[in-house]
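Listed after this line are the structures, all set down as structure tokens.
The following pair of complexes shares a single chain, chain A, combined with chain B in the former and chain C in the latter.
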Partner chain A sequence: MKPWDAVFLAAAAGLFLQRPRAWWLAAAAPLLALAAQPLGTFAGPAAALAAVLVAPRFAPAALLLAAGHYTGWADAARASAVWLAVSALLASMEERFEEVSPRLRGAPIRLFATGVLYYALLPVAYL
Partner chain B sequence: MKLRFPAGWILAGLVPALWEAPPVASLAWAAALGLGAALAAGRPSRWVAIAWIAAAAVPGVPLAPIAAAGALLAGGRAHLGAAALGAALGAAAQFAPFVVPVHAGGALLLAAAAALALLPSNPEPPEEESAR
Partner chain C sequence: MAQVLIALAPALIAAVVRGGVTAAASLAAALSVAWGVQCFFLRRAAFHESALVTAAIFALTLPATAPWWLSALGAAIAVSLGKHLGGGAGNSLFNSAALARAVLMGLAPGLLFAPRWPAADGITAASPLAKEVDSVATPLLDLLLGQHPGSLAEAAPLAVLAGGLFLVAVRAIEGRVPLVYFATVSLFALFLPAGDRIAGHAPWLAHNALLHIASGGVLLTGFFMLTDPVTAPFTPRGRMLFAALAGAATMLARFYTPYPDAAVLAVLLANACVPAIDARTIPREALS
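What follows is the complex of A and B.
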């Protein structure tokens, strides 16, 4: 999975999970996935287990972040930073999400906002 | 809160469309999701074990997306729905590569939002939790 897709799918998933205090620890998942790469056959399981251990109650988001194919430390660090920024931005918009029409309220507006941010922040993917 | 029908299976069903895996991987992903719904009981570590077995049984199947989709969902209905949608979208992405351009994730998220807006029931967001 492309890192940009993994980041925004994880951000969208995070909107539907109970957010623990240490939710931001899931941002370590891309770095852990990259660190596990030298393990060869065990890289996938090690990265997934590390993602679950680092954020057990935010595991789906961490696992989606770990699913990205990261080519280097800069790539993984950028994915972590973008996920943190997007998640914080979406969390700050929670009150605004309640002001939309009933048909869009709930999951649709959250996925719509994530999709819009996906393309709005796309230039960052080319840095 | 874990995702239930219909937002859950739509979000989890997007996963196979976004990876670059062989066509059989989407079917293996769907099979693992269906099987795991009965065995994993919603525990992420068990989902990692099921995904590990699936990745070992079918070469080319990525492990983390199976575990992520499984851990994200709650209830057998959501898992089966996600498995069906994911297999269909994964096959569509393989046979029609022109619909999955360089950055298709945003378009899929917007399409999922539109589909959910047209469906009658939307899940409410969870309450903020105070402790980890």
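What follows is the complex of A and C.
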């Protein structure tokens, strides 16, 4: 999976999870996935296991982050930073999500905002 | 809203003069579809100024030779997704015109986001902001007169500027917002170190504040998008931060990414930051 897709799928998944105090530890998942790459065929399971252990209560988001194909440490670090920023932005928008028309509250408006940020931040992928 | 329509009129007229029948069809399609979609959502046929303003601003972000159906599709997205499904009337999270443009960039990047836009005369040439191997510098006078390939808003930057100044003069918008945006764009243009693409292919884009203000969507963004009261922060200080953030994002994308112009994406990013800006700028006693 492309790192950019993994980051935003993880951010979307995080919206539907109860946020533990140390949710941000899931940002280590891309770095762990990259570190596991020399393990060859065991890289995927090892990265998944490490991601779950790092953030057990935020495991779906961490697993999605670990599923990205990272080409280097800079790539993985950028994915971690973008995921942290997007997750924090989406968390700050929670109050606004409650103000939208009742038909849109919940999953629709959250996924919509995530989709908009996917494109709005796309230039960062080329930095 | 009527004042905004009046302010947009010079830019719309200039776009039609430059783009001819294609531009006129594009604008007509956007305005009529936006009106129809608004009538559908509100279930009554009336003069919906806000939908027309959104459609006009969106259409001005399109290339001069954009087909009418693309304009119609974008206007439908702006009013339906931006105004109604994206939060509901008065609660939009994102600027509707910028949102429609971003959605179309995802759906039809070849039509909307080519570094080589067709000019009104049909000749394909690089945008003044392109950072390509064969890019050539555009003189500032040509930029101001719209003598270069680009969007309909770039057909007459002076007309957009006149419309914006009119809005400031009649106090329909807060003048500090475009001022901070243009100042941030200028400061970044003057002091940001040039990225590899600029240094290698388009060195005239470095340290050239006027070029960056007059080209791309900067004027339209500063006067007509960032001043949208629904998607901007509540406090004056918040709106200054919001405009500065949009300016910084616009210039970072121009300097360090292959994007020729990402002003509309900067607007969406700034919109997403509004709750965070409000949380830090609205006095606590006002919240309680």
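Assume the second predicted complex is superposed on the first by the 127 of 127 C-alpha atoms of A that agree within 3 Å, B and C clash if a C-alpha of one lies under 4 Å from a C-alpha of the other, contacts with A are read in each partner's own complex, and residues count from 1 in each chain.
To be clear about the criterion, a contact is a pair of C-beta atoms (placed from the backbone, for glycine too) under 8 Å apart; a residue touches a chain by one contact, two chains touch by 3 or more.
Everything numeric in this text was worked out from a predicted model, so none of it was measured.
*Asks:* Does the chain A-based superposition show chain B and chain C clashing or fitting?
*Replies:* fit
*Asks:* Have a look at where A:56 lands relative to chain B and chain C in the superposition and call it first, second, both or neither.
*Replies:* In the superposed model, A:56 contacts chain B only, not chain C.
*Asks:* Tell me which partner A:100 touches in the superposition: chain B (first), chain C (second), both or neither.
*Replies:* After superposing on A, A:100 lies in contact with chain C but is clear of chain B.
*Asks:* Have a look at where A:109 lands relative to chain B and chain C in the superposition and call it first, second, both or neither.
*Replies:* Both partners.
*Asks:* Examine A:119 and indicate which partner it touches, taking first as chain B and second as chain C; both and neither are also allowed.
*Replies:* In the superposed model, A:119 contacts both chain B and chain C.
*Asks:* If we overlay the two complexes on their shared chain A, which of chain B and chain C does A:12 touch? Say first, second, both or neither.
*Replies:* First partner only, chain B.
*Asks:* First (chain B), second (chain C), both or neither: which does A:1 touch?
*Replies:* first
*Asks:* Counting only touches as set out at the top, which of chain B and chain C does A:45 meet: first, second, both, neither?
*Replies:* first
*Asks:* Does chain C touch more residues of chain A than chain B does, or is it the other way round?
*Replies:* B
*Asks:* In whole Å, what is the nearest CA distance you get between chain B and chain C after the fit?
*Replies:* 7
*Asks:* Pick out the shared contact residues on chain A: the ones touching chain B in one complex and chain C in the other.
*Replies:* Touching chain B and chain C on chain A: residues 104, 108-109, 112, 116, 119, 122.
*Asks:* Considering the complex alone, what residue numbers of chain C touch chain A?
*Replies:* Interface residues on chain C, with respect to chain A: 81, 85-88, 91, 93-94, 99, 102-103, 105-106, 252-253, 256-259, 262, 265-266, 268-269, 272-276, 279.
*Asks:* Mind pulling up the chain A residues that touch chain C in the complex?
*Replies:* Counting only chain A, the residues touching chain C are 88-89, 92-93, 95-96, 99-101, 104, 108-109, 112-113, 116-117, 119-124, 126-127.
*Asks:* Can you tell me which positions in chain A touch chain B when the two form their complex?
*Replies:* For chain A paired with chain B, touching residues are 1-2, 4-6, 8-9, 12-13, 15-22, 33, 44-45, 47-49, 51-52, 56-57, 59-60, 63-64, 66-67, 94, 97, 103-112, 114-116, 118-119, 122, 125.
*Asks:* Where on chain B does chain A make contact in their complex?
*Replies:* On the chain B side, the touching residues are 1-3, 7-8, 11, 14-15, 18-20, 44-45, 48, 51-52, 55, 62-65, 67-69, 71-72, 103-110, 112-114, 116-117, 122-132.
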